[in-house]
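These are the structures, in structure tokens.
Shared chain: chain A. Partners: chain B in the first complex, chain C in the second.
Moving on to the complex of A and B:
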């Protein structure tokens, strides 16, 4: 079973991975975006880590709702509302249980990803974060490691796609050949989950 | 770059703005710029915002006859809902607030969230989306046309309507009419260097230009060998006219992207006016300058807005902001 401490460590691990990859995310955002994805997420997850230290919520759901609110209030751009909604909705779906199972987390994450799809209007194949999130959640039934691998594969598979949502869509065919920065950062969330679970 | 460190560019600029403009209240910590005499009794308030790096848009357009408040985000990143709610609460006189939102995914999502939160606080909110850039096809396969130069027309004209004391639904309808009658097209002669990245966001060799660029350093739809000012004017005006067939006179904005000298912009305007004349488009008013910029990008955009007598009267009405001022 996964408790609030597990979820706090998951968020801390995500913050560390965002720090590690911030420059790479910004570099991916240069040719098909506006060169700030890494720095924006770094600002947001730093705020998440600070908030979780200051106010240690005692349920898994409350940890994710607090993290989501911090992202909405600090990131801006499209990433703020989208990542914020992902974590907030996942947290709300977990309810106020003190511990949740991996299956419950998978189910809650599916609700979170559905909310992201509704908010951003993106479907799989549009070259967005959805392309990493959907395969990751599908694989979560197997193991955290499988979800991490599926997210990373999903992010890499965005390279040949033409963007149909977000700022990269302005480039039309010129968006082909670049890995999507949002899908890449989404994969970090699942890499951190795998690390936290010790898989 | 003339900065201290990338992390503080927005806050540093806000502190400088506060020092230069005592007629504005600049909340550096919460990133909200408000006209000092707000809320103005009986008037609808206009709130806009967006990523920084487009100055004078939006903060430079706060003042009587235009915006009531502006929310600057990080460079090229939309502001967060907390800023917009704070701005709305500071300027609402009870007559309601109009959010002027440029059509970018981030701006739309954050303003939508802010509208919900402001309504929870009892503030009446209407929204108008600005989407004038013809370089992006408005289809299911893109995020839709971008908001660029027409933002200035919407903020000026709707701001004048608000100053006349018109109710929220009328101010909103006027803003929508201005947007519906506006189209833009931009070209870049150089890429952008953001403070966070410190190097150009894309590679554009000297001797080439990008057609159909946006205002966030993203490349355009097409790259071509360098063209003359006259050739660029033809390409830009004709691109606009493929999507706008004005039967009435137009407002013209010849807008610099940030690093193109006014000498070149005025020369470009002469070419734009020549092309408009040859295409049979009558010009009511023209504005030339750096208004909706993209940091240090060289280049220009052309925005046309088809108007009638009512909108022209509102355009000519007095305005007093750091970035646009006449008649008062």
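Moving on to the complex of A and C:
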């Protein structure tokens, strides 16, 4: 079973990976975006880590709801409401249980991903974070490691796609050949989950 | 007729503080006698950069809320998504706050003029959305 401490460590691990890859995320966001994805997410997850240290919420759901609120209020770009909605909706779906199973987390994350799709209007294949999130959640039934691998593969598979959502969509065919920054950062979330689970 | 005092409030959310503030001034100026309508800009991030601040949006909405509803107009991308995420949250914006699907400048003028007549939120929203139908060529 996964408790609040597991979820805090997941968020802390995500913060560390975002720190590690911030420059890479911003570099990916330069040709097809506005070159701020790494720094925006770094600011957001740093605020998440600080808030979790200060408040220490005591249920898995409360950890994710707090993290989501921090992202919505601190990121300043579209990734704030998108990641914020993902974590907050996942947290709300977990309710106030003190511990949750991996299956419950998978189910809650599916609700979170559905909320992201509703908010942004993106479908798989649109070259967005959805392209990493959907395969990751699908693979979560197998293992955390499988979800991490599926997210990374999903992110890499955005390279040949033409963007149909967000600023990159204005570039039309010129968005082809670049890996999507949002899908890439979404893969970090699942890499951190895999690490946290020790897989 | 105390209802006349309760006008719909307007919030203008842009990635740029200057754009939001300027469109608010423009809409009020073009609306003639619409001085009574509360219009608040929420532009840029809290640190003054281009982007969207949920705090600035929430405080702008609170500042124009007279109890008759708040119409929020946005430019694009994170401005739209931030307002939608705040509305989904349920407790960060005044009751009866609505994201209006409208062109930013034209919709703002239409919304302020309509709100100045004492029209309700649905009428303000419809007037702003109708601004999409004005073709320029």
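Going forward, the second predicted complex is superposed on the first by the 199 of 199 C-alpha atoms of A that agree within 3 Å, B and C clash if a C-alpha of one lies under 4 Å from a C-alpha of the other, contacts with A are read in each partner's own complex, and residues count from 1 in each chain.
In this text, a residue touches a chain if its C-beta (ideal position, glycine included) is under 8 Å from a C-beta of that chain, and two chains touch if they have at least 3 such contacts.
Just so we're clear, the structure is a prediction, and the values are computed from it rather than from any experiment.
Superposition of the two structures on chain A shows chain C clashing with chain B. Once chain A of one complex is fitted onto chain A of the other, the partner contacts of A:195 are absent, as it touches neither chain B nor chain C.
Contacts of A:30 after superposition: chain B is touched, whereas chain C is not reached.
Touch criterion not met for A:21: it reaches neither chain B nor chain C.
Residue contacts after overlaying the shared chain place A:166 against chain B and chain C alike. In the superposition on chain A, contact is made by A:174 with chain B only, not with chain C. In the superposition on chain A, contact of A:39 is made with chain B only, not with chain C.
Touching of chain A by both chain B and chain C, each in its own complex, is seen for residues 40, 72-73, 76-82, 119-120, 166-167. Residues 26, 30-36, 39-40, 43, 72-82, 119-120, 162, 164-167, 169-172, 174 of chain A are the ones that touch chain B when the two sit in their complex. Chain A meets chain C in the complex at residues 40, 69, 72-73, 76-82, 84-85, 88, 115, 119-120, 166-167. Partner chain A is touched in their complex by these residues of chain B: 51, 73-82, 104-106, 109-110, 113, 135-136, 140-143, 146, 194, 196-197, 201-202, 214, 216-219, 221.
Of all residues in chain C, those touching chain A in their complex are 45, 49, 51-55, 77-78, 81-82, 84-86, 88-89.
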